[in-house]
Structures are given as C-alpha cells and as structure tokens.
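Multiple structures are listed underneath, in structure tokens.
Note that chain A is present in both complexes that follow, paired respectively with chain B and with chain C.
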Partner chain A sequence: MTDLLIIGAGLSGLLAGVWARRQGLRTRIAATGLGATHWHAGTIDALGYLPGEDAPVRSPFAALTRLTAARPGHPYALTGEAGLREALAAFRALLDELGLPYGGAANPDENLLLPSPAGAPRPVYLAPAAQLAGDMSRPEPYLLVGFQALRDFYPTVIAENLTKLGFRSRAEFLPIELITDRRDFSTIDLARAMDSADLSRLANALKRVAAPGERIGLPAILGLRRHGQIIAALREAVGAPIFEIPTLPPSVPGLRLTTVLREHFERDLHGRLDLGMTVIDFRAEAGRVTWVASRASARPVRHRARRFLLATGGILGGGFHSEPRGRVWETIFDLPLTAPQKRSRWFRPDFLAPEGHPVFRGGVRVGPDFRPLTLAGEPAFENLWAAGNLLADSDPISERSLEGVAIATALAAVTSLIKTDV
Partner chain B sequence: MFNADTWLPPEASLDQCIKCNICVSYCPVAEATDFFPGPKYAGPQAQRFRMAGQPAPDLSVDYCSGCRVCNEVCPNDVNIMEMNARARAALVAEKGIPLRNRLLGRNELMGKVGSHAPRLANFALHNPVSRVAADAIFGIAKEAPLPRWSTTGTFVDWWEKHYPHRLISDKKVVYFHGCATMYYEPFIGKAAVAVLEHMGYEVIVPPQNCCGLPMLSNGEFKAAGKLYDNNLRKLGPLAAEGYDIVGTSTSCTLTLKEEAPHLLDRHDETTQALTHAVWDIFEWIREHEDELPRDFIQMEMVIPYHPPCQYRAHRVGRPSMDVLALIPGVEVHESHARCCGIAGTYGYKKEKYDIAMKVGQELFSFILEEEEHHHTEFNACDSETCRWQIEHGTGQESRHPIEILAAAYGLYDLETRTTL
Partner chain C sequence: MRMLETEVLVIGGGVTGVGVAWDAALRGFDVILVERRDLAHGTSGRFHGLLHSGGRYVVKDPVSARECIHENRILRRTHAHCIEDTGGFFVVTPEDEDSDYPDRFVQACAETGVPCEEMAVAQALRREPRLNPRISRVFRVPDASVDGFQLTHATAQAARQAGARIFTYHQVTDLLVAGGEGDVRVVGARVFDAVRAEEMEIRAAMVINAAGAWAGRIAGMVGSRVDIVPGKGVMIATAHRLVNTVINRCKWPSDGDILVPAHTVSIIGTTDVPVADPEDLRIEEWEIRKMLAEGEKLIPGFAHTRILRAWAGVRPLYRESAVTDDRDISRKFTLLDHQERDGVAGFITITGGKLTTFRMMAEKTVDRAAAHLGSRKPCITAETPVPGAEHGPYWLGHRLREVEDGRLQNQLICECELVTRGMLENAARLNPTVTLDDLRRDVRLGMGPCQGGFCTYRAVGVIHELKLGHGVTPDTEGSDWRVADLQSPAGNPGRGRPPVSAPEPASSLADHLYDPNLLLRDFLQERWKGVVPIVWGQQLKQEQLDRLIYLSIMNADHLPDAGLKSPLSDFYGVDVTPNDVLEEPHD
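What follows is the complex of A and B.
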C-alpha cells in the first residue's frame, strides 16, 4: 500500500516526494508532465516585491508581516517566518548534498539582486552557485558574452540596460563553434555540448575579450552533468569571476534543478515517478479519499494510497481549469477556489499593475495543517493535503515568490501529513 | 471535471501548448541530431502553418521517431506525437512514400513470406552481401538489428499442436500475439500461454493480423486503416462478448487500444468496445494479481529493465516491474532511459540508424554498467524491436518480462527460450 501519493511533479511535488521518502513513507508521484522549473530561472525567489510596491524587498523575512497583513491567507502566514526559514535551509542543505549548491547574499536575511535576461535587477533569495558572481552589490564591471546564432540570449540588451542603471557594462560575441558544430541548437543542446567540449578553446577566447578586473556573464549553458566542474575549470583557466545569466526557455538551470531532485527521488530513494498520468477522477468514502484515477490508454488507472498530496500548480501549472465564459475550478477534487469566477474580474486594466492580477492570487484555501478546506472552513477530506502554487492568496508573478512558496509549503505539508494518523 | 474518454484531436490540442519548451528539453532525437529541431517546432509551432490544400511547411517532421517522450513530459496534455504522425501522413499523401518505407510497413507480409522457408530467408536477409545491397538499394541500414525468422515453425504452428492439450477452463482470455511472436519469436507466445494457463485461464487464439503500427509510423494511414478494420472484424465479436484481449507486444496493444483509433479518427462503438477489451499482458496480470499463483521458485537475479517508450505511452505505470517484484530473489533495476532509439522501424532506415544508436546510448550505458556491477546475464524489455536494438547496442541478451515470469514458475528456460 502506498503511504503517500503526490499529484504533480513540479518543485513542490518533487521536494515533497524527497522529504516524505526520506522519512520512510512509501511515496509515489503521478503527474501530467514536468513543472514550471523548466521555464524559470532556476533561482529560489522567496519574496521579491510587496503588493503595490515598486521597490524590491530587501529582506523577505522582515517583509513577511507586511505581506501577511495585506494577504492574511497567504501560504507564508501559515508556515510563519520560522517555517519559511526552516524550509529554505532544508532546501539549501539538500542541494549541497546533491552537488548543485545554492547560495545567497552575505547577510542570510537578505535578497540578492541579480541581472535578469533583460539586464534588470531581479530580487532572488537563493541562486545556483553559478549565478552568484552576478550579484549587483559587487563592484566589478560587467562583460556580457553571447554567442553568434544563439537566439535566446541578448548580451547587448543586458549591457545597455545595466549601463542605464549605472553599472559599467559591455557586450561581446564569440563564435558558436567554440561550443558546437551544430547548425541548430537550443540552450539545452549547448549545455550538453559543453559537457564534452574542449574548454580551453572557450577559455582562451574569453581571456582575449575580457579586460582585467571584469566579471564575465555568460548565458546559462555551462554544462548539465558536469556543470560544477565546468564552471570551476573555466574560472580557473580565465582567471576572472564567471557567472551565468538565465536565458529564454528552455531553462538549463531549471533543468539541472529538476534533474537532481528527480534522480535523487527515483534512483537514491527508490521512489516511483510516473509522468503522462493526468488525474481525472477520485473516490471518497466517509470523508476519506480512497483512490484517484488517472487518464490512460483505453481505461483510467486507479491509484490507492493512505494519504494524497495535491501539488498540481496554479493556473499555468494546470491545477485549475476554466471555461471560456468564466468559472474556474480545481481540476481533480473540485475544491473551492478563491479565484474570481467572472473572467472580467480576473485582470486589472493595467497589465503591469504592481498589485498583480486577481486571478493569479486565486487558489485553494488550506487550514494550518495544509489540508484543503470546504467553504464552511472544514478539511475537505481527512487524508488530502495541498502544497505549492495551487494555494490561495499568493501571487507568484508579482510577488516573485514562486519557489519560496513551493518549498515552504511542501515541507510544511509533509511535516503535517506525517504527523497525522490515517 | 474532465471526462475520462475525452480526447482532443491533436490539431485542437496545440492551443494548449504554452511554449514552455519542456518537450524540447527531453526529446532524445533533437538531442542526437539537428535534422530534427524538436517537438515544439515540428509539432505545435509548425502545425499553425499546416493547412488543407497547402504544401507542407517543413520536412523535418519525418525525423520524429514517434517515441512520445514529448507527450510524456508535456505539462499540458498536448498530443505532440500524434500531431507529428498526422503531419507525416500528409507528407506521404503529398509526396508519396519510398519503397523502403513501404517494405518496413509491411512486416506481416515479410514475416509470412520468410516463414515458408525460414532458413533460406534468414540466409538471404542476413548475409553481408545482401545487407550491403539492401543498404545501397533500399536504404535499410546494413548494421541495423533485423530479426531472424523462427526455424521451428510459427507461433500458430505450435498453437495448433498445443490446442488439443490446452487448459480448458471457465475463465477465458484472448491472446493477441502480433507479427513478431508469430514469425520471429514464437517462444514469447509460448511463455505467455504457459503463464496464463498457470493462472487458470483458458487461452483463445483467434485469427488476427498486423495491428498496423508500422504503417501508421510510416505515414500510410489508409493501409493501416484496412488492417485495423480486419482486426475489428476478427476481434470485435470477442470484445463484444466481454473477453479481455491481452498482448505481449506492447506497441501492438497500444495501437489497438489507442494509437490507431486516435490517428485514424475512429470513435464508433465497435472500436471503443475493442479498445476497452485490449490490455498489455502485464497490465492485465497486475489487475488480476489476486489470481496470480505464488508458487514461485527462488530466482536470485538482478534484472536491468527498460520500460519501453511505447509502454510508458499506455500511461499505466510500470506493471511489469510491479509483477516481477513479487518473485522472490528478483531485483528489478529500472533504466530511467528515455528510448532505445529504434522506435519501431525508425532505426532500420539508413539515414536514421546513427541517430537511433545515439538515442539508445543512455540505455546501452545503463545495461552495460549493470552487467559490470551485478554480472547480469539478461536484461528485460516488453517490446520486441527494443529488445533487438538493446542486444545490438550492448551485446547482452534481452528477454520479455513474460519469459522471466514463466521461468519463475519453472515453466520456461530463460537460457534456451523453451517451455519446459
């Protein structure tokens, strides 16, 4: 008998799987497909902006009371500051162990500012070690190096925008043949090519274009399997700080993150992960979910488990669905959602409104133990928990809190469901 | 809520594509070659330029191997592989089909012809001179792992001899053997019958024909439709009577269940009854786990196992692993590899052979590492062409999980592939 069936293989689903498996639970993950990490920057954004404010948040922890005052149902109000800190520390320790280290600002209470793919400052709480030298509080001038024919990285745009912000920056282009002979490639292809490329050619080319004292920003393509060794070897050969800037999707940093978590879950912890399994139905008896069923060829497949964790994501992840005329619903259990039911109320008139758009804040309301609630405020099912960006009241886009919410609620939900006797 | 039977035609599902590029990140073919730009480009993106009566906007879709890894990782249920298969069929309709692809699509005919004089056929096909000629004339890669005809008769030859001695029971199940078991590997069918009879089932082997997959993947939809109709005529009445139909070739069962009806737009009641009756044999055994005898012999073996991409496309999990795990002493190690590369007939094509071998590399490395660490003798895989490709890529012999299950009951010799 499965102790825990997690529905969803995004960041919260995978982390919940790892943490539950490490606690000895027989854990399975079933998901339609893979998650939002693949089109995000691979950074861990805990809280970058407060609703309605233009200036980025300096310390996500110090800003927490103001956030939860404005949004009392926010998942961080449930985890509390301690819960958020604990989860971020647990994530960092896990990724150290898995050989994909993450780091943050010198002051562990504060965000970093990193240059975005457009050269704008991005508030980030934790970043892959490879991105850290981009920290905008460091003094070195920027040299942004792109590759000819790479369509998903624009060093001149980054350099121009950084210059406008007062950072000394310039851009250079190198021939793509330093990395690959292919005529057509994605950033993932380049990262794979880097795994076996002769690094000395690239290092020599970088030495030629770099001026003393500059730090070098490259597109995030510096290897997949051998990423750690590659970046260390390049830094040593060039003798300058080298860092990655995320590109347009596909996101190599996101793929690295998913890959280490997935391989750890499947290979080290012997957890079962099934993709292509869209859960479409369930059965509940006496207030308990007994099975869920996923769509399959010819006939749905039933999955029985003692506990279920819903981590299907927000409106982009596929946790909700809507009809053209309005009505938006949670796709599996039809749990009540806080999203406005009328499409005319989904969005504010201003696309970039700093308050964000109401539909992105919509979600499933959960109790302090992370079980979804009915409209009457009771747990909907005794053995159903929820985590991730499906939860109500956080707006991952305008708050820049996507990964923080995923990590903090995954740990909180796993802690709660392990404690609960079912 | 979704309706379980709702299926969006691929052309409509393209609107669900959010261009997240996850499919591009995992496509094993795009990784191996730049002749294929990736599922997003050849699929949903090119689809917007494909209009009835207009010339095909790009030819790269022919390099899609049809492995469905894109469908598997897509977070939005876009039917990318089906989109590509239909686009290839449109290409074939527009530009015609090479003789080579016609031949590869007609594996049943080849099987039948060769089985009249299997030794001669094996010699004719497998001697180096004819492989070089086939390579030069037809474009069938000279290194590719073509099968050998059974020299001990076809599966049905054996079945006719076994028929008087078959188990008679109230519990009955229909067996779909497919072309490979029929002409090349009758021992797979014997192992299946042995296990099903051991479970107390009377096995019915009705007349049947090729499922049509080789033609579907070579873009010959019309001919594939005829094959499907023939099977519908032969198997439909059994399905209507409520019999389950189990198959040992996982791509055949997938084709009968889903691929052919979806690609050919068959949604009538008779087709639905057939699709609902068909099971992959391990999917069916897992469903009937309480009827599975537990008189296993102790096996003491590590089995590297590759769930083929066509199996994963059933979206039923890993039934073979679940069932083999019940055998005492058996430790099944999953490959976690995306695809062996062969993808039905893809890797037989001269211009695609190298791509297929590159795609298979992650699987081959896994099998060889397992061999080194655990001194494994066999690996296991549910699909025949994948087994041939794995043997070709690693030199290690490959078995169908049903052979291992039959051996665990003492009914089968894994070494000689004979029933005991």
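What follows is the complex of A and C.
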C-alpha cells in the first residue's frame, strides 16, 4: 500500500515526494500538471518584501519576526526561522547533488538583488548558478544582449532602468540566426536549439560586442539538457562573466528545476508520478481519508494511501476555485479557507498594490503539524497534511516568498507526517 | 502661445466629431478637430458594437428607427471594413411571451421600413445552437456588428485625406468670444495640449460642439444651457464568441437585452443609469449580476461562461423636457444652432443620436454650418467610401489568415488578438501614443483572455526599441497610411531583421510623456480596471498569473520613477470603497 499520496506536482509536491521517498516512504504523486514552477523565474524567493513596505528585505531570516507579527498565521510562523534555514539548506544541497547548483549572497543570511527582465532589482535568496553573475552588488558594468526576433526579452528597457538606478549598462542585439533558423519559437525552443547549436558562432558574436570588463546578461535560454556545459563553454570562450536573466513565461530556469526534481524522483528514487490525474473527490471514514478519486474516462479512479499530502497550490496552482458571488473554495476536500467570501472584499484599487489583494492571501489554515484545521481548530482529518502556496496568511507573490514557502512547508510537512503513526 | 486659424473648429473626437470634420473637409472647408484624449476614447469606444437596423426602436421611437435603417445601408458601403454582416435576430423568450409586443414589432417594422422576416425557431437554432431552445418566435433584421474604434479612426483618416487637421490630447479649456450684450459670437477656443503641456488658441469662423456627453460643459463656457443627461450603460465581454448573429430580446427595450458578436468575443449590454458626471464610469455589482441573469435568458449557461471584462459608457442623451426614465428620452439627435437659440453666433451643438446615425448627424450639422459660412458643395459622405472600405466587409478570420500567410516575417506580440510587431510599430509611428491603451484601440492590443498579461511587457519593449531607432518594420512615414492597415497584419509586412544602423526616431510618440515604466504601469492598471468588476474563476487564476509576471518576475512595482503620471493615470484608478478593502479578510 502507498504510504504517502501527494496531490500536486509543483515545487512543494515534487520536493515532498523526493524527501519522503528518501526517508523510505512508498510515495506517489498525482497531479493535473507541473504547477507554477515553470512560469516563474527559477529563483528561490524566500522573502523579498514585507507587507506594504517599499524597501527590499535584506535578510529574510532577520525579517521573519516582523513578517509574522503582521501575519501571525503565516506559514513561516509555523516552520520558524530554523525550519526555513534547514529547508533552504536541504534544497541547496539537493540541487548541488542533482547538477543544477544554486547559490546566494556572500553572506548566507542575506538576499541577492538580481536584475529583472524589466531592469528592476529582484530580491531573491538563492538563484541558479547561471544567474549569479547578475548580482547587483558586483562592480562590473552590464551589457544586456538580446535578439530582436525574441518577443519575450527587451534588453534596452533593462539597460535604461539599470542606468537610472545607477548601474553602468548598455544593450546590444544579435541575430537570432546564431541560435536557430526558425522564425516562430518560444524561449524553450531556443533553449532546446542551444543544446545542439554551434556555440562558437554565438561566442564570437558576443566577443565582438562586449567591451573589456563588462558582464554579459542574456535571456535565460542557455540550454536545457546541456545547460551547465553551455554556460561554462560560453564563459570560457568569451572570457567574460555571462549570466541569464529570466524572461516572460514559460521559464527555462523553472523548467530546468522541475525537470531535475521530477527525474530524480522518478528515475533515481523510483517514485511514481502521474500527471493528467486531477483529483476530484475523496472518501473519509472515522476521521481518516481512505481514498481520493481522480477523473478518468469511464469513471473516477480511486487511489488509496495511508497518508495524503495536499499540495495543489492556491488560485494560481488550481487548488482553489471561485465564483461570481465571492465564494472561494478548496477543490478537493472543501477545507475552510481564510479568503474573504465576498467579492467586494477581494481587491485593492491598484493592480500593483504593495499590500497585495486580500483574495490572494486567503488559504488553508494548518496546525503546527501541518494538518489542515476545521473551523473549530481541530485537524480536519487524521491523515491529511498540506504544504505549499495553498497555506493561509501568505501572499507569496507580493512577499516574493513563492519558493521559500513551498520548500519550507514541504519539508516541515514531510517531517511531521513521517513522525505520525497512522 | 501657439495660434492657429481655421474655418471650422470641431470639438470632440468621437465618431460624431470626426464625421463632422470629414463632411466639412469634403465640402471644402478648412477644418481643425480637437479631442482631449485619444479618438474614440469616450462613448464611441464604449458601447456594445451594434450597428442598428432600427429594429430596437421601431415601436418606441420610429423616427430613430427610420434614421437607423437609412444609415445602416449607407455605412455598409462607406465603412464596409468596419462592419461584420452578422445579421440580427429578435427573439421571444419565455419571459416575453405574454405580451403583444412581437405583433406590434412586426407592424412597426413594416411602417418604418426596417426589413423584418419571421423565421422558424428550428432554423434559428441551427444557425445559433447556443440560443435558448425555449424561444417561441424569431425575427430576422439587418443588424450588424461594428467596430467603433475602426469606424472612428477610418472616418478620421478620411477627414485627414480631405485636408482636416486632427489634434488628439488637446483639451478645450475655454471658448473665445467676441462682441457683447446681444451680439455675442464664438470666435475660437483656447486649447491645452496635454502632450506638450502648452496652451494654444485656435481661431475659427464656426465652432461645432460635438463633445457628446460632455457637450453641456462646452456650451456652458459661453453660458448656453444644454441639458445632457449622461446615461451610463454597462457592458460585459465574454471570452468566447457565443453567437454569430446579433441577438435582441423582442420586447420593450430594457437592460441586458442585446448580445453582439464582436471579433472573437461577444458583448452583452446594457444598463441605463443617469449619472451626474460623464466621467462617472463606476460599475456596480448589481449591473454585472443583471447582465449575467439577462444573458442566461438568451443563452442558457451564460452566467457560467468566462467573462473577460466589463466597461461603462455614457450616452449623451439630450433632455428636451421633464422625462422620468432615461430610456424614454428620444434617441433622435439634436442640432442646436446657438445663434437662433441663445443669440450666440458662430456656435453649433450636435448631440444625442446613435453611433449608427453619426453620418447623418454630421451631414445636418455641416448643412447648418455651411448656411452660415456660405455654402460650397453639397454633402457627399453618403457616396464616399473611407480608406479601407475597399477591403470589403470585416471577416473574423482575416487576421489569422494573414498571420499564417506571413508567418515567417511577423512576430506575434499579442497572441490573444494576433497583433504583430509590425502592426504595433506602425500604429505607434502613426498615431500619437500617450498610453498603450491608445494602441489598443488601434490594433486590439491586450483585449484577449490574458488582458495584457503577456503583451504589456512586449509592447513596452517594442515601443522602447522603436524609440531608440531599432524598429524592425519599414517606416511608412510619408506614404499614405490607411487605418485598415493598422488592423491588418498583411498591411504591415515585417522585415524580420533589424535595420539597426539607421535610427529612425518615431515622431508620433509623445516625447514629453514617454517613459517605458509609465507605459507599463498605466496599461496594467487600465486592464485591471476593467477586470476587477468581473474577475472570478478561471479569470482570477489568469490575474494571479499576471501578478506573478509583473510582481515576481518583473518587479514592476519597484521600477525607477514610480511617481510619474500620464494624463490618463488618474482615469485608470479603480473605485473601490475603502471599507471594503481595508477590512482584514478573516470574517
């Protein structure tokens, strides 16, 4: 029998799968798709801004007290600083092992600032090695190199904004033919083409446009499978620091992250991952979930397990649904949500409101052991846990805590569910 | 101060104003038109897109009905490419059965000359399978779907070709008056150029007030009282084109009884709420609920369809006497010659009416102006196709076909609406661009399901590169551009490779206001404004993806110069009652 059935294959679901499998649990993941990881930048955002504050957070750990004072139910209040540190370190060690190394600021307590594809400083805690040379605390001037045929990356905008922020920056364009002859492509197509492209042409072109001492920022398209070798070879051939800047989705860095985790779970750890398996129903007996059912062509298929981990994400991931009157609900267990259940209370006037919008902060409340709670504050089910961005009292997009929350709560939930005898 | 002189000064860049400018220029007058924002920013761009057959008015307002069918036939020739020949149905739903309205409707159609033919319900359902199968009668009329942006732009372009000068982002701050007691004459206007931030004076022999819902304010500048009752109407667009035919309820006109297929979406409208201020475009929750509930009567399941957007427009209803219900104010247009009416010479107001009858309104207005100025030529607008009409009627698939034909040369900047880089660059070169919303009206940027999620950043990048001389499409400056081409990928052949060596500064970008970060913020907020009233379900997920892009990936809330504002930044503000949002969500 399955020890643990994880519902959701976003960052929290995949990591929980890896960590549970490594602890010896017979683990399955059932999910509709791969969550939001491949839409984001591939970075690990732990805490970038405190609610309503304009200045970026310097140290996510030092800022935790103020965050949890403002949002007492925040997932970080449950994991604590130690839990967050432990999870981020475990993530970093895992990705080193999987050959997709992540790095951070020189001071391991602090965030990095990396240029966004609009040229604004993104506060992130860990970034793929390929993005690290963009670190805004480094002295080299920026050369942003783009391809005019690529519609998802605009180097002149980045250069102008970095210049306004006081960084020496300029932009250049190269012909896309250095990478592909196709005319209709996404960033992922380009990354695939890079895997087999003749790098010397691109390297020579970069050498021609770069001035001595500059660091070169490219759109994040430098290979999928051979990413590590490609970036090393380009740096070697050009003789300059080269780094990637994330683009509009789909995200090549996000896809690389999803891919290594998924392959590790399935291939190395022999875990089972079923995509296209949307869970729509469940049965509980005597306070325990006995099965969940997924949509199938003839009739729903039931999946039994000892333990269940809900990691379906919030509104973005598809774990919540909503309707015109303002009801927001969790789609499988109809767990109580903290989201305002009146549409007139969902939003603030500004799209970019620094406090975020109340509807996106609503979520599932869990106890200290990461089991979802009923309105009375009791565990909803004895053998159901929850992790990731469906948790209450966090607006990960405003806070820039998307991956931090996913990673820290995945580890905490797995730790808790392993300890619990079921 | 800059000074200009002309014979006819038209105030208002809606379809009526550009129609007047076009007509007057064709008759040989020297014409200047001023519009305080972009063309069709007001009511001409905020309606449901119905080109009336007149059917809606046959019973209650037969004069309007006759005008509508007359103009409907003309516009199909002169503005063919702005109109999709969808035809229209008037359907009797179960709610409307116990009424003698359908029979009166048939009778009134015959009396007013609006072609109307009853058809079998089964036949109507074959054509429109989503239609409520419980309808009992269907009448077919020559309604059509019309693009108000294109109609206005194409007419403006025709006016330019006839010699008119059209200045957008020029707001009239005062009317210039000569003479005194008993011999007052309007001799021009003081105008504020919002782009250059400078004042100017335009002297004119005749000033025509075509400011629509704002006409009362303009007339008030010379003490003439023009009672406009701005009637606010709310519309919502569905993410899908639910019908291919205009669907009307066959009943006394009311809220939410028209469903119009418009490009890839369908639009239901509308409410009618008198408002004190024509800028009051607030959308109330009951209005949305009403549209969904009424839509359900026409299309079962309508209330569960994905909604893209809501907007409001204000009808310029002219109040002749005390009338209690807005809808009972005539939709006939009103021409006020202030010399006769108030003893103010050189000043005419044209207001009321319908988009469908704009050409006729312009004709009567210029007839009157010409009588004062000394007539030259007769009106020829009914026989003069505007540029682009040679393309023939609009067809839904035209962009896709052109994009597929020209796929190798064109980048799709807005995938929802198939806007290519070439279309965007040419629109930005040719029309004054203060906000991306101006380009939206030109090329439909950001009007699809992602509501600007992907194309806002791309458009900002494309405009920025253009500004720096890195445009990738050939500059058509100097050649005679056509509005139809703005809408057409084929009219904008891309070269694929950048002519990086030859900077070509784009003259039409509003230099003093240009800032890529401001363009980005303004457009995100403009799109948000129309999404907030209707966002739930799948569209709420979409908005969260858009937040992921602009907050998490772009960090667009921390770009430099966050304090900059465009002339429209405040207009894009969303009116949410503070009590509603300041409360914490735990309730």
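Everything below uses one rule, namely that the second predicted complex is superposed on the first by the 422 of 422 C-alpha atoms of A that agree within 3 Å, B and C clash if a C-alpha of one lies under 4 Å from a C-alpha of the other, contacts with A are read in each partner's own complex, and residues count from 1 in each chain.
Operating definition for what follows: a contact is a pair of C-beta atoms (placed from the backbone, for glycine too) under 8 Å apart; a residue touches a chain by one contact, two chains touch by 3 or more.
Just so you know, these numbers come straight off a predicted model, no measurement behind them.
By the document's definition of touching, neither partner reaches A:R22: not chain B, not chain C. Using the contact criterion defined above for the overlaid structures, shared-chain residue A:G318 touches chain B and also reaches chain C.
When both complexes are overlaid on chain A, the residue A:D281 reaches chain B alone and has no touch with chain C. Of the two partner chains, chain C is the only one touched by A:Y154; chain B is not.
After overlaying the two complexes on the shared chain, residue contacts for A:R348 are found with chain C alone; chain B is out of touch.
With both complexes superposed, C is the one of chain B and chain C in contact with more chain A residues. Of the two partner chains, chain B is the only one that A:G33 touches; chain C does not reach it. When the two complexes are overlaid on their common chain A, residue A:S186 makes contact with chain B while staying clear of chain C. When both complexes are overlaid on chain A, the residue A:A41 reaches chain C alone and has no touch with chain B. Shared-chain residue A:S294: touches chain B; no touch with chain C.
Touched by chain B in one complex and by chain C in the other are residues 36, 39, 183-184, 249, 316, 318 of chain A.
By the touch rule above, chain B contacts chain A in their complex via residues 1-4, 18-22, 24-26, 30-31, 34, 37-38, 71-77, 254, 257-258, 275-276, 278-279, 312-318, 334, 336.
Looking at the complex, you find that chain A touches chain C at residues 36, 39-41, 45, 54, 56, 116-122, 148-149, 151-154, 156-157, 160-161, 164-165, 173, 175, 183-184, 246, 248-249, 251, 314-316, 318, 321-324, 326, 338-345, 347-352, 354, 358-362, 397-398, 400, 402. For chain A in complex with chain B, the touching residues are 31-36, 38-39, 182-186, 188-189, 192, 249-250, 255, 263, 266-267, 272, 274-278, 280-281, 293-301, 313, 316-318, 331, 334.
Within the complex formed with chain A, the residues of chain C that make contact are 285, 288-289, 292, 303, 407-409, 411-413, 421, 454, 457-458, 460-462, 464-465, 468, 470, 472, 496-498, 500, 516-517, 520-521, 524-525, 527-528, 532, 534, 536-537, 540-541, 544-545, 547-561, 573-577, 580-581, 583-587.
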